[in-house]
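Some structures are shown below for you to check.
Look at the two complexes coming up: chain A is in both, with chain B in one and chain C in the other.
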Partner chain A sequence: MNLFLHLAWRNLWRNKRRTLISTSSVFFAVLLALIMRSMQNGSYDYMIQSSVGLYLGYIQIHGEGYWDKRSIDQSIVVEAEKLQSFASNPQVTHVVPRLESFVLLSKGVSTKVAQVIGIDPPREDAMTGLAHRIHAGRFLQKNDTGILLGTGLAKFLNAHCGDSVVIYGQGFHGVTAAANVPVVGILKFPLPDLDNTMSYLSLEYAQWLFDAPGRVTSVALMISSQAQLANVRSQIERMAGEKTEVMTWQEMMPELVQSIQADSAGGILMLLILYIVIGFGIFGTIMMMTNERSREFGVLISIGMKRWKLITVTVMETIMISLLGAGVGMVVGIPVLWYLYLHPIPLTGDAAAAMVAYGLEPIIPFSMAPGIFIAQTVIVFSLAVVCAMYPLLVIRKLKPVAALRS
Partner chain B sequence: MKRESLHIIVLMVFSCSISSAQDALEIIRKADELMRGKSSYAQITMTIVKPEWQRKMTMKAWSLEPDYSMIYVLAPARDKGTVTLKRGNEVWNWLPSVQKVIKIPPSMMLQSWMGSDFTNDDLVRASSIVTDYTHTLLGSEAYEGVECYKIQLIPKPEAGVVWAKVVVWISIKGFLELKTDYFDEDGKSVKSFVGSKVKSFGDRQLPAHWEMIPNDSPGNKTILEYDDLKFNISMNEDYFSLQNMKRVH
Partner chain C sequence: MLIEIAWKNIWRNKKRSIVILTAIALGLSGGIFSTGIMVGIAESMVNNAIDGDLAHIQIHTKAFKDNPLIQNSIPGADTVIQQLRSLVGMKGVSGRVKIEGMASSPATNSGVEIVGIAPKAEASVTSIAGKIMEGSYLDSSNRNSVIIGKKLAEKLNLRVRSKLVLSFAGRDGSIIYGAFRIAGLFETESALFDKSRVFALDEDMTRLLGGSPTVHEIAIRLVQGQSMPEALSSIRSAYPHLVVESWKDLAPELKLTAELTNVTMLFFLAIILFGLLFGITNTMLMSVLDRIREFGMVMAIGMKRKRVFAQIILETIFLSLSGSGIGMALGVIVLSITQHTGINLSVFAEGLSIYGISSMLYPSVPLELYFELGVLIVLTALGAAVYPGIKATRLKPAEAIRTYA
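Then we have the complex of A and B:
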């Protein structure tokens, strides 16, 4: 066996140019497939990450029917001990209670519909990094009686830090919720949708304002990894108790899941075309190589070389070429992707505008998930191995006399 | 001969339908007149009934046909002094706790008013059951033991009405609108408005107890009880000003 390996290796370097051409065709194939898939998966991860991490969380616990009706009347009482018990799950990294409602915000003659969210400031900041979005003024504190406004909202109302705005809406079970609250901070969101509609109160103040003591409309959970989602969900479901619903981000955003699936199907089709092109590229070089060497094979067989030995050596050569190409592809691909992963490509123009409209930052992110590297390398490698069947067939059927004369 | 008799039958049927249409219109007009006045004052107790909770509010309401009305909340204490003013297509709220008048923006018009089964838009929409519909008398039918005319109302194309069809039961004696059913395009009954407990208010006999029952959400309803109701009181448009809104009590 060692001899075969040795022979195969020597054969490779007998014609350096031929080997280099074959290797580089595999190399480029791996690199291309890697970059393409990494870009696709990166953007899906990014979409999920930004929706989930920015606000939604991987899992949310609501009162039964809240997600459909979005009414504060479906709020639930969640005691501190219960929040603790959610947090005690080893997979759960953040537990964020919220009291959400739609209200009218008014200052002077301007009035606007806004989403107001009562938050536990430190917990909210730990999950979504809200405090870093403060553009002017300060972040909320526990029991704060002030309000934070998105920049767009503040601009519409012409409100600055220190001004007062009137909140008017409906509280729990239809009570009137009205209050004059000082603006303590202005938040800058990357997404205009949030910027124009979001406002934050402290949870305690929101509970007082909406006459919903101890109540929350949702508890958002962040977990350590997407892979644990189903597992954690069933554990949380058991803990949450009656008259609640536990939903994953997929259930809360089916449209995101669908758009990812649709896009991914398109991406896989593109990859398929790429694989076909790559496959024929590799096949072409191997066919050329085999035909070039048919005289050599003829000589070897006629002086008594066993065909299977010859086949073993040529298959080994092809595998070596594939391994070399795939290996170099990985070696070059990893730092390139690592760089792109750390420095996503910024988008400009119409594409950027479209992404902003979808509520995403206009960048092309890349994924460094190990699955991509393994999958692409394995696929391209097996393509090469399939191509290695060609010399095998040729050698089996080779007529030494004809080959010698060619 | 045959042809002539056919003509006569057609003529008879035709004249019949005309007379029934007139009858229906006449009945609707009488019922509508009974419910309205040039101006009115009422004291109302509104109970919002939901499957898990109930809430009672008392309020005073003034109206001046066709464009003006004002509602002052007396109880519960937390909402006392809140005023809703309707002027034409606009709805304004006065919030005494923050000393501020807020105009309800168009996007909030379909939101519920004070947590009830009425929307802000219900307060504003001024479709007339007399002029905005074509009326057909479907016959007479007993409703809760009271013999009633059953009349179908189909909105005229130009009328801004969201319903595909409305059916009302009007008592033969007294022309009281005892029940109104609202239907959507699929022919499904969306909500019913039901009156009962006839009382005399001044010179008129009217149901004092009204229930708004949304048929798609069981266990929900809004009950209106008229504790007092006066018609044709003396008032003019000035009463329904943004300034007066802050002063009424």
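Then we have the complex of A and C:
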């Protein structure tokens, strides 16, 4: 085996320039593919992270049919013991109960529709880091009777800490929910969508306001790893009891999952085209290498060299050319991507405005998921195997006598 | 004569030339087709936004742009609308009342944007009248009716003819409740629009708000989108106290998407060509090395090095252009077929609806792109020819003739 490797390596460098050109084409393709996929996957992770980590959680438990209707009438009673039992699952890291509704908030002549969420302040902060988003004033405490507003919302209402705002809404089973609540804190969110619509009450106060004692509309769960999602979900489903629905983030946001798939499909299509082009380049090189050596092959076979040995050497050559390029691509790509992974590129100007308009922070995040690197290696390796079919077929069918005379 | 020789030389090693020709053809046709798809998506986004909601030009007061309160309405809006209608090149002008509020049903409630419109005027500006899936479009004679998105209706658990309560703050900040009946349900390409928009009659809104007719927004549809700059400047000079904006100002993200797509795709095509550059260089290099003796010979009998170089450049250009010709032809054929049939992306419909993209996609490639691509191809060919060309001209005739490769 060692001898074959040695021979193959030497054969590669019989025409240095040609090998270098082919290898650099693979290098170029791999580097480009790495950067592109890392960027795409980074933004998907980021999109998922912003909705899952900042708000949604990996799994949510609702009353049956709540997610479609978002009605407070589909709220459920979840006892403290139940929450405890969810938390006792070793994979579950956070259990966050919430009572959510849409209300009208007004101060003076300004009125705005807002989403109000009754939260358990310490639990909410532990999962979403909400307390760190306080821009002015203070965070909520347990049994707090104050309200937190997003900066956009506060600006619209011209409300500051210490001012009072009026909440109008619909409570449990249609009762009118209205109250005058002091603003205790202003939250700054990176996304204008949240900034303009979110407001928070303490869970207890929200339950009182909406006349829903002990009730929550959702319980959000964070788990230790995405890989355990299906597993944990079925365990939680058994615990949750009747008249409830247990949904994963993919089920709650099918549009996000689909838009990621569509975008990813587009990226894969482009890389496929690039790899086809590169693949033909390798094929051309291999073809030339094979053709110009047909005499040599003829001699070797006629003096008794086994065809399979020749085939092994040529296949190795092909694989070496491609993997060499891929390897250098990785060596150059990994540090670059690692740097970009730690320092996402900030966007400015129109592009930044566009990202914000689509509800994303204006940065280009990168991913270091091992899958990206494995995928490129597998693709390049398969390209090499396909290209190696040519010398394989040529050598199998080679007639030594004819080859000697060519 | 050089041209003929160059052309014939390409076909001396058919297998080699065909491999590289196939690579060029596949790369370019694939590149053109994916460009078609991406540009088609961008156009779909822009057109859906203009057709569905934005229109070409919108007018607001400065105060409303800063703070969308009810009282920040356009003074003398009726006169302004009449004057705008008399301008040339206007397809439609629609005045809209815009209020944020809450839509409630017995089942639940949801935050919405209430848009009060004159049905006929709005239909001349946006395509909302044609997006009604169930029931019918608004009718001025049918008081207290609304149309809402199908998605919102599902959430509120309402059907056509169901009752819907809209609540919003009046001029003095007090909450106004109004009971409406759903005349129809619409479904557009945008999920967000369908979830958040309620259209009511402007007269009903005026009555509920009390007092004189209120218009917060005037939306203008031009007969031809290209006449936008002139229309903008004439409207701006006529109403200096109002904020007159094109859809590009209103939705900079769409403008950017539309502009960036072409650039991005040209960049992508350039990358494909760069990938091809390696293959072409290698092919030409081999072709030169095969003919070392031949080049030595022709140089020995007096062919100028310049002409040898020119011949290699010509060969490379011919090779690249033949491949590109086939590739472009293939790309255009695939494009024109899919432009007729459309590409069904309904598997991704929900995901696309976040961005307001139709699930039936018609790829499109701007004509300039072909020219830009042509320039890039020639540049690639020149780039690929340089190294093999230099290699050939550096040959020493005496040594080259004696080379037996």
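Everything below uses one rule, namely that the second predicted complex is superposed on the first by the 349 of 406 C-alpha atoms of A that agree within 3 Å, B and C clash if a C-alpha of one lies under 4 Å from a C-alpha of the other, contacts with A are read in each partner's own complex, and residues count from 1 in each chain.
The definition used in the following text is that a residue touches a chain if its C-beta (ideal position, glycine included) is under 8 Å from a C-beta of that chain, and two chains touch if they have at least 3 such contacts.
Note that this is a predicted model, so its numbers are computed, not measured.
Clash or fit: how do chain B and chain C relate after the overlay on chain A?
clash
Looking at A:112 after the superposition, I want to know if it touches chain B, chain C, both of them or none. Which is it: first, second, both, neither?
Both partners, chain B and chain C.
Let me test your reading of the model: by the given contact rule, A:75 touches which partner, first (chain B), second (chain C), both or neither?
neither
Looking at the overlay, does A:314 come into contact with chain B only (first), chain C only (second), both, or neither?
A:314: touches no partner chain.
Based on the superposed arrangement, let me know which partner A:211 touches: chain B (first), chain C (second), both, or neither?
First partner only, chain B.
Please name the chain, chain B or chain C, that touches the greater number of residues in chain A.
If we count touched residues of chain A for both partners, the winner is C.
Quick one: is A:173 in contact with chain B, with chain C, with both, or with neither? Answer first, second, both or neither.
A:173 contacts chain B only, not chain C.
According to the stated criteria, A:104 is in contact with first (chain B), second (chain C), both, or neither; which is it?
both
Quick check for you: in the superposed arrangement, does A:258 touch first (chain B), second (chain C), both or neither?
It touches chain C, and chain B stays clear.
From the superposed pair, tell me which chain A residues show up as contacts to chain B and also as contacts to chain C.
Shared contact residues on chain A: 73, 104, 106, 111-113, 168, 170, 174.
Any idea which chain A residues touch chain C in the complex?
Residues of chain A touching chain C: 17-18, 21-22, 24-25, 28-29, 32, 68-73, 101-104, 106, 108-115, 156, 168-170, 174, 197, 254-262, 265-266, 269-270, 272-274, 276-278, 280-281, 283-285, 287-288, 291, 350-351, 353-355, 357-358.
Can you tell me which positions in chain A touch chain B when the two form their complex?
Listed in rising order, the residues are 73, 104, 106, 111-113, 166, 168, 170, 173-176, 178-180, 211.
Mind pulling up the chain B residues that touch chain A in the complex?
Going by the criterion above, the answer is residues 48, 50, 53, 55, 76, 78-79, 82, 93, 95, 97-98, 100, 102-105, 107-108, 111-112, 114-116.
Quick check on the complex: what are the chain C residues that touch chain A?
15-16, 19-20, 22-23, 26-27, 30-31, 34, 37-38, 67, 69, 71, 100-102, 104, 106-112, 154-157, 167-169, 171-173, 175, 191, 251-253, 255-257, 260, 268, 271-272, 274-276, 278-279, 281-283, 285-286, 345, 347-355
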